[in-house]
Amino acid sequence: MFKVGIADTTFARFDMGKSAIDELKKKTGGIRIVRYTVPGIKDLPAACRKLLMDELCDIAMALGMPGGKEIDRVCAHEASTGLIQVQVVTGKHIIEVFVHEDEAKDEKELSRLADKRTREHALNVYYLLFKPEELTKNAGKGLRQGYRDAGPARE
Amino acid sequence: MFKVGIADTTFARFDMGKSAIDELKKKTGGIRIVRYTVPGIKDLPAACRKLLMDELCDIAMALGMPGGKEIDRVCAHEASTGLIQVQVVTGKHIIEVFVHEDEAKDEKELSRLADKRTREHALNVYYLLFKPEELTKNAGKGLRQGYRDAGPARE
Amino acid sequence: MFKVGIADTTFARFDMGKSAIDELKKKTGGIRIVRYTVPGIKDLPAACRKLLMDELCDIAMALGMPGGKEIDRVCAHEASTGLIQVQVVTGKHIIEVFVHEDEAKDEKELSRLADKRTREHALNVYYLLFKPEELTKNAGKGLRQGYRDAGPARE
Amino acid sequence: MFKVGIADTTFARFDMGKSAIDELKKKTGGIRIVRYTVPGIKDLPAACRKLLMDELCDIAMALGMPGGKEIDRVCAHEASTGLIQVQVVTGKHIIEVFVHEDEAKDEKELSRLADKRTREHALNVYYLLFKPEELTKNAGKGLRQGYRDAGPARE
Amino acid sequence: MFKVGIADTTFARFDMGKSAIDELKKKTGGIRIVRYTVPGIKDLPAACRKLLMDELCDIAMALGMPGGKEIDRVCAHEASTGLIQVQVVTGKHIIEVFVHEDEAKDEKELSRLADKRTREHALNVYYLLFKPEELTKNAGKGLRQGYRDAGPARE
């Protein structure tokens, strides 16, 4: 039975962890979930390392919502860099789901976007664990999470 | 009994270490504190590594106050990157509390902000050690440290 | 017999994995290929680490198509940094083939560029494995992948 | 007896190594010094790693003078990042003393600044080794090296 | 007998590897040289790791010529970061010789600059291996490679 780690933050303005868990449970009964909440996105690398190495999760999701200022973009970059380092060390995937506050025009759209992107990436986690061949079928198909798919380029 | 490392700097213009220790002691008698002061924020990664690996602290706080110039922002970025690397290596949290000198309009506000942000992050350290479920209860609630909480986005 | 890992994404708008595999097979029957598709370029470092360390591939190709916005450039930078870290850890090459969506003026040119650059880098993989001396013969010759070679500078 | 590594460069336009050694010797007879000169600042991480791991120094100083162009700032950033990595790996401090050529209005001021900043950081090395409590006494005091101290912010 | 690794690229528009080898051989018969050519500068970290760890070279040169566009500057930064990581891991020097295509006003100057900078850094390799005291003699002397030395600042 696979074990999935869900790392999220109190900084985010939407409960992305709830969306991720709901979507994963809808999709399959064959996983166990460990949730771990930290203050901000810069705490996600340590959280994911704990989930993957101490809790022995097979994969993790790192859910965060950076603010809209330049300093927030730098924080997000630092967090991402750390999340990749944890993957290099552990050899396991961390599916990063970041929703930048300024991606949406208002709070309602922000909530909708955070929910949708998280759920679509939860599906990616499901595919990576159970049906990797589904991802290969969609290679080069221009898939997007949270927005409409871009689709393949005309040849 | 948990051991908390407090790393701070002589560069900062406010004694953030004192605020952190005061807040932690107010909250609980159940921790030991090790304080380690270095010249500047770039020395914090090595300081935290010493606290976590040599002093065997369970968690550390990295307290710093970068200046307001472009070069200071680069230094802060380098320090943050190093702090994340130490977390990846040790598997322990380092709660970074950086107050940028240009976040405040005058020295008085700078002091107040440094004190408040440090204390609120000291509480996060307390929750991570003793009551992680409190953080999960606040997942997605738009919490901020030093400023007013942003709150959850309207759905 | 050499084993080549091909990591690609569902985000890309062209099936670069197919081009890579086709070109490698045209060139030699002496390799085995393992393909692994992930959602986006930030998942490529973990994918390549799995290919090189779990699947024991001798070399990998990391195929991706970052979007044309600033945030996409940051993602590409993070992915590249991670790919280099995996090479530092494993001691094996990962030939990165990134085609930025805004390199091409329309979808047709984007497809052509993605196909051509992937194929030319597949040849580099072939040379690294079977004929490294061919690369040395071309040292300093200003070779480009996907575009016309720049050629050596006049002396 | 402590051993201090001094890494400096032929690129710098002032003999910072000499200032560091002079200041350390003035302060105490209780250390041994190993000096290692490399071409430029990007060579300092490897130099410091050699000093700390091969020569078994307890601490190192990395002395450099980046030029005033954008490319020099990138080099300095890369060097700093590497110096932090060496600290993460070795668990020992490297006190970085960089003087940017464009910090000073003329050559004379540049020399004076390089000398002063190096000497003041040599004192920090002395305190870290022999009197760490002196640094804690100065926590939050707004100390600067090479320039006038900023001092603590008014509360 | 020392072993020197020379890593270069087919992307460069000048045969920098040839200049490096020629200069090293002119200077001493006391070294063995291993040359390894890769497609581009991002492949240099893996190449140098192979030279230093698999071929057991004592030192390496990483020779590259980034293009003049913004994306090329990012690539160069990523390559440099990786080269420093390899040095941190191996504890051996990699002397990076990068000539940015837009440093020169025409192809002829580009060739001359690439040749000169490579040869002057080959001398640095020679000094690091055989006469480190020569570098210390030149500490703070404002030496440059490829251009006229800046010289020491007036005191």
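Per-chain residue numbering starts at 1, and chain names A, B, C, D and E are given in the order in which the chains are listed.
Note that in this section a contact is a pair of C-beta atoms (placed from the backbone, for glycine too) under 8 Å apart; a residue touches a chain by one contact, two chains touch by 3 or more.
Because the structure is predicted, anything quoted here is derived from the model rather than measured.
Asks: Can you list every chain in contact with both chain B and chain C?
Replies: A chain counts here if it touches both chain B and chain C, which gives A.
Asks: Interface overlap for chain D and chain E, more than half of numbers shared or less than half: same or different?
Replies: different
Asks: To bring chain C onto chain D by a C-alpha fit, how many degrees must it turn, rounded to the nearest 5?
Replies: 145
Asks: From the C-alpha centre of chain B to that of chain D, how far is it in Å?
Replies: 25
Asks: For chain A and chain D, what's the span in angstrom between their mean Cα positions?
Replies: Between these chains, centre-to-centre, one finds 40 Å.
Asks: Indicate the residues of chain E shared as contacts by at least two other chains.
Replies: If we look for residues of chain E contacting two or more partner chains, we find 81, 85.
Asks: Let me make sure I follow the ring: beginning at chain B and going to chain D first, which chains come in turn?
Replies: So, from chain B then chain D onward, the ring reads B, D, E, C, A.
Asks: Given the complex with chain E, which residues does chain C contribute to the contact?
Replies: Checking each residue of chain C against chain E gives 73, 77, 80-81, 84-85, 87-88, 91-96, 100, 121, 124, 128, 132, 135-136, 138-145, 150-155.
Asks: Which positions of chain C touch chain A when the two form their complex?
Replies: Per the stated touch rule, the residues are 8-18, 35-39, 42-43, 45-47, 49-50, 53-54, 67, 71, 74-75, 78-79, 81-82, 85-86, 89, 107-108, 110-112, 114.
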